[in-house]
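Across the two complexes that follow, chain A remains constant while its partner is chain B and subsequently chain C.
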Partner chain A sequence: MARPQTLTVGMPRALLYHRYAVLWQTYFDALGIATVVSEETNREIAEGGIAAATDEMCLSLKVYLGHVAALIGKCDRIFIPRIVDFGIRRVMCTTFEGLPDIAANIFRDRHIDILSCNISVQGGIDEKAGMVQMGRELGYSKKEAKRAYKRALVAQRAADEAAAAAAEHLYQSRGLKIAVGAHAYVMDDDYYGRPVLDYLSEMGVTAIPAYAVDRREARKVTKRLSPTMKWEVSREIAGSLAMHLDDVDGIILMSVYPCALDSMVNDMLVRKFRDSGVPMMHLTMDAQSGTAGLETRLESFIDILSMRRTGKAVKA
Partner chain B sequence: MREEAYLGVDVGSISTKGVVIDGDNHILASAYIWTEGDPIGAVKRLIADLDGQFDHDRWAIRATGTTGSARKLVGAVLGATVVKNEITAHAVGTTTFHPDVRTILEIGGQDSKIILLENGIAIDYAMNTLCAAGTGAFLSSQSRRLGIPVEDMGAVALKSAHPTHIAARCTVFAESDLVHKIQVGHTKEDIVAGLCQAVVGNYLNNVGKGKRIREPIVFQGGVSKNIGVVKAFEKALGEPVIVDDNGHLMGAIGAAILARGGEARADFNFDIEDIAFVTREVVCGRCPNRCEIICVYRDGQLIDSWGNRCENGEITVRQAQKHHA
Partner chain C sequence: MKRDKQVKRKIAFPMIAHYNDAVRYFIERGLGQTYIMQPAMTRRTMALGEKLSPDMVCTPFKTILGSMIEALEAGAEVLIMTMGYCRLGYYGELAESILREQGYDFDYVNFAEYTTGHPKDYLKAVKAICPHVRPAKAMKALREALDMVKMIDDIECQYYMNCGFETEPGSFKAALTRFYRDMRTAKTRKDIEAGYENCRQAFEKLPIAKDQNALKVGLIGEYFTVMDAFSNLDLEQALADMGVEVHRWMNVSHRNLDYPGEKNLHVRIKAYCRYEMGPTSTANIWKAKKYAEDGFDGIIHVKSAGCTPEIEIMPVIRNISEDYKIPVLFLTYDTQTATAGLMTRLEAFYDMIAMRKKVIQ
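For the complex of A and B:
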């Protein structure tokens, strides 16, 4: 079978890239496919995405489209997977279901060549089947694609376990600790999430990503919070926060505007966790906001956490 | 040897507040003026006002605190020893005068906040997100539309027996709803009372959502001067609401107390009235983030800068001098 030896695949550094970077990178590497990843989000990329997107899209999707635009001309095909669900009550936000179509429509005049794979357990295609099928469409044998997926899965699992272990270690550290409940693509975005984390560390606070957790365990814990919550990533984050309520001084729920999932889940978490007495703060990022309001909110939140800890009014 | 005094300045979007206090929280001087979109000019007028109010032979200002949305800029201008966010400043100021307070409701020009306290310690808070519906800015724009000075709105509202229901979820919708209610014949009193209720409803549904509001409750910020809103809060909460005579100064008082409690000392002299302060925005071109960096100059000399996301955009005093030479 003819192999597209010279193919270069572009990966937008946004949305689920922040969750599956290792899986995708290892998979393409194992097949010997060259890849290029868009650079960290910066103002240019963000503004490009906001300009290309429609108003109603969430900020993270807008940013994603900016990354897609940044890859045009730098690769042969752009990898935009369709990830629908991992089973019953394990679904992803509809954005991830429509992602290849959204990108194709937004950039219809720029003729981008989208490389996609379908993942929907309820639709009969699990992650393995979807990625093996994509390998076959790229001209590799079933065996080669399976081997590449297996290697990728092992690497991703190791990375996830390492991240969860690192987070567990942080929960044991001294000093003020804040669990950050946010999608990885919000928290780890260099332009929107990073300034928050940088500010927290400048203030001497340890920020711990709630998404870094034993996912199976976290999903189980969420079942006790809400038996019907159906969003895979929200379940992981909510469960993780519930598991570590006693380990942290406070919780920051960081969302982009508008996020349908977070608007429901975060509201529920505030009510469910109220009796624990752990202070919680919402941070909402939108396309307009600057960092001034952000600093005021973070600084005062940290003041409150340190006052609670020391039992004394804050000193300058 | 003169006795120690402390200056606190709170520069908000609408008003600028300042106090001078002594070691026992006595207010030696105070002023409340409009910011009018010019924080540096407002602070100069504020300082001139405070200057004439207390005995310079007896008191010397040894530390200065700034708070409010322009705290950084004004902190640089005044050479502040403490720059603190307004939530902490308000909590510190209010607990000094009301040690048993458990809830602070605050509605200012563009922000609204709730602070929950236990035993004098702030334990939780929330702040409005994304929009300014239901804040002072909302009330003043509606007051212009109705032709009633914002200061008189409270008294007008009290005359109403049947407050008009106004949809206040969003300022834009509220405005069209208000126009509609005027056109179908609701009286101004009822509409103003309805606006006061809308402010309270909006606040409790947004900022106050999910919070346990327990008494004693202190209400402050510019909107607390509106008796109509105070009464609407009492009706909605079923609890008495305290409005301190100095409620509008609490942020400034808190800033002064924080400055007093801090370690840094810097004598403040009132000569800033004669100094030219200029701010300039520089767009850093060293990476695609194009950060907007604010530089503050005192008589042509750079004294501070901020707004850069990374060290590439750091503008040091030395760099600026080199550039100048």
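For the complex of A and C:
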């Protein structure tokens, strides 16, 4: 079979990589395709992305484009999937719908070879079909592609369950606990999200990622909370926050500028959670964010939470 | 047969371009209810909406919220809200929660709540507005209302293509104003058709001075902002007043009623995108390419601040601009955008395409 044996696929370490790393990595490994992942976001990658992107794009997309640029010349093809939806009211942000074409048009003069797979349940192609189709385009048989997907799915599920279990464990811990409502690609980004989490842990606070949750359950909770919320990841995060309101001292909603989904969802969450009395803070990252300003805000938020806790203890 | 006398409900819909007259027609003629028309949008509408809206939400949310408040002030008891494929699909719920928090009392029919993927979903929504709906009557009125939409779009297309070249100042505007008034008062299909015919004939008879070298500019962009004259600060009129033939494909007729379909349009933009990129992306990319191929002098891309799908097609539009050597002006509107700043940019763009045309010739 004509199979490009020496093919190396590059994966940008940004956006949905933070959600699907295991799935994609296992899938390519199972097919015997060599992969290279761009390094953790650093200043150079971020600046490269900001320079390549359109001004008004969200910071995470800019960072993603920086990762794509960083992979040019280091691999044969760059893996940029198109993920539209998983059903009704289970849609992804439009960015993930346009991603392969955004990258192709931005880097048109650099002739990148984009490897894509198309996932749109409302369009008749679920994740399995999309990834099997991609395997076939790469020259593998349907059977091989199916087997690779199956193995990848098992591994991803195990990883997701482990992450959810680890988070549940953290909710039971002592000390100050803050649930962080943020997309994985914001929170886990080394350049933008990580410094916040590092600072929290320096301050002795347990920060728990809201996205690590039993996703099915979280979506159900959101359906009661906000029936027409339609974004898959927002529903998971919103549901997760609602499920753990009693377990945490405070909530940080962390977004990038300008996140379309968060602009509405976070406002709704503030309304919905107001009665619970749990303090909430918005953190918005933009390309100009420095850590000094963030630290001041985080510090005062943590002070409030500690005082509340002491106050409660005294009352009791 | 006993027919219980229903108290008529006072129903309103957020304001968008001139389509509320068609909504009114359907509510009054098809459902037999009272339609409440809020006043035309002003800076006040925007200020009302902006005050209560999340900061970073796209601008149409703020104007729509403002126009909902003005509808309630005008006496509306029932608000209808549409669904949508982008953030628009979540507008309804957030707007309701904001209004209720402000203490407004109203019934709410949010089409987004009825979306389950079945064709009959929205029939349920209509029943929620009016439980005793008579399907045949409602369908007839709906067809007539949709025809009105098509006529409004057709008249507006003709208007902006020609009004910049009128030889009697104000003559086109007078005919258009009469047309809008006819649509606002139409009670039957005959009224609609007569109003349309009158305006069309008036346009035909009005003298214009347009030569072959008239500048042609095509407008593309975000669904709401590009269609709604208040939201885009009357961009089309401003261009026409400079003596430009203004074309805008994006309207409800083209995008919703007679849409050729993603697949059919997509074939024509294969060189630029592999997939559909967003709710109106395919149409806008296709139309930008078409304007370029048809020898237009410039393209203006219109959107509200933060409109993700439109931001993300900007690289594609730039490539089209490069390939076809056609100038593109990108305009972003937010609540702070004012006429003075817009005019400066428009005049500069006009001067540039006018000079360019002379050089090319």
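Keep in mind that, in the parts below, the second predicted complex is superposed on the first by the 311 of 316 C-alpha atoms of A that agree within 3 Å, B and C clash if a C-alpha of one lies under 4 Å from a C-alpha of the other, contacts with A are read in each partner's own complex, and residues count from 1 in each chain.
FYI, a residue touches a chain if its C-beta (ideal position, glycine included) is under 8 Å from a C-beta of that chain, and two chains touch if they have at least 3 such contacts.
What you see is a predicted model, and the numbers here were worked out from it, not measured in a lab.
Model built by superposing both complexes on chain A: chain B and chain C fit together without a clash. With both structures placed on the common chain, the touch criterion links A:277 to chain B but leaves chain C unconnected.
Of the two partner chains placed by the overlay, only chain B lies in contact with A:303; chain C stays clear of it. Contacts of A:311 after superposition on the shared chain: chain B is touched, whereas chain C is not. Legend: residue contacts after superposition of the two complexes on their common chain; A:260 is shown touching chain C, with no touch to chain B.
Contact with chain B, but none with chain C, is seen for A:191 once the two complexes are overlaid on the shared chain.
In the superposed model, A:43 makes contact with chain B only, not with chain C. In the superposition on chain A, A:102 contacts chain C only, with no contact to chain B. Closest C-alpha contact of chain B with chain C, superposed model: 5 Å.
Overlap of the chain B and chain C interfaces on chain A comprises residues 257, 267, 271.
For chain B in complex with chain A, the touching residues are 65, 69, 81-82, 84-88, 91-92, 95, 120-127, 129-130, 210, 212, 258-259, 261-264, 287-290, 309. Of all residues in chain C, those touching chain A in their complex are 54-58, 61, 86-87, 89-90, 92-94, 97, 101, 110, 112-113, 115-117, 272-279, 281, 305-306, 308-309, 311-316, 318-319, 332. On the side of chain A, the complex with chain C involves touching residues 54, 56-58, 61, 82, 88-89, 93-95, 97-98, 100-102, 104-106, 108, 116, 118, 122, 226-230, 257-268, 271.
Taken together, the chain A residues at the contact with chain B in this complex read 42-45, 191, 195, 257, 267, 270-271, 274, 277, 279-282, 284, 286, 289, 292, 295-297, 299-301, 303-304, 307-308, 311-316.
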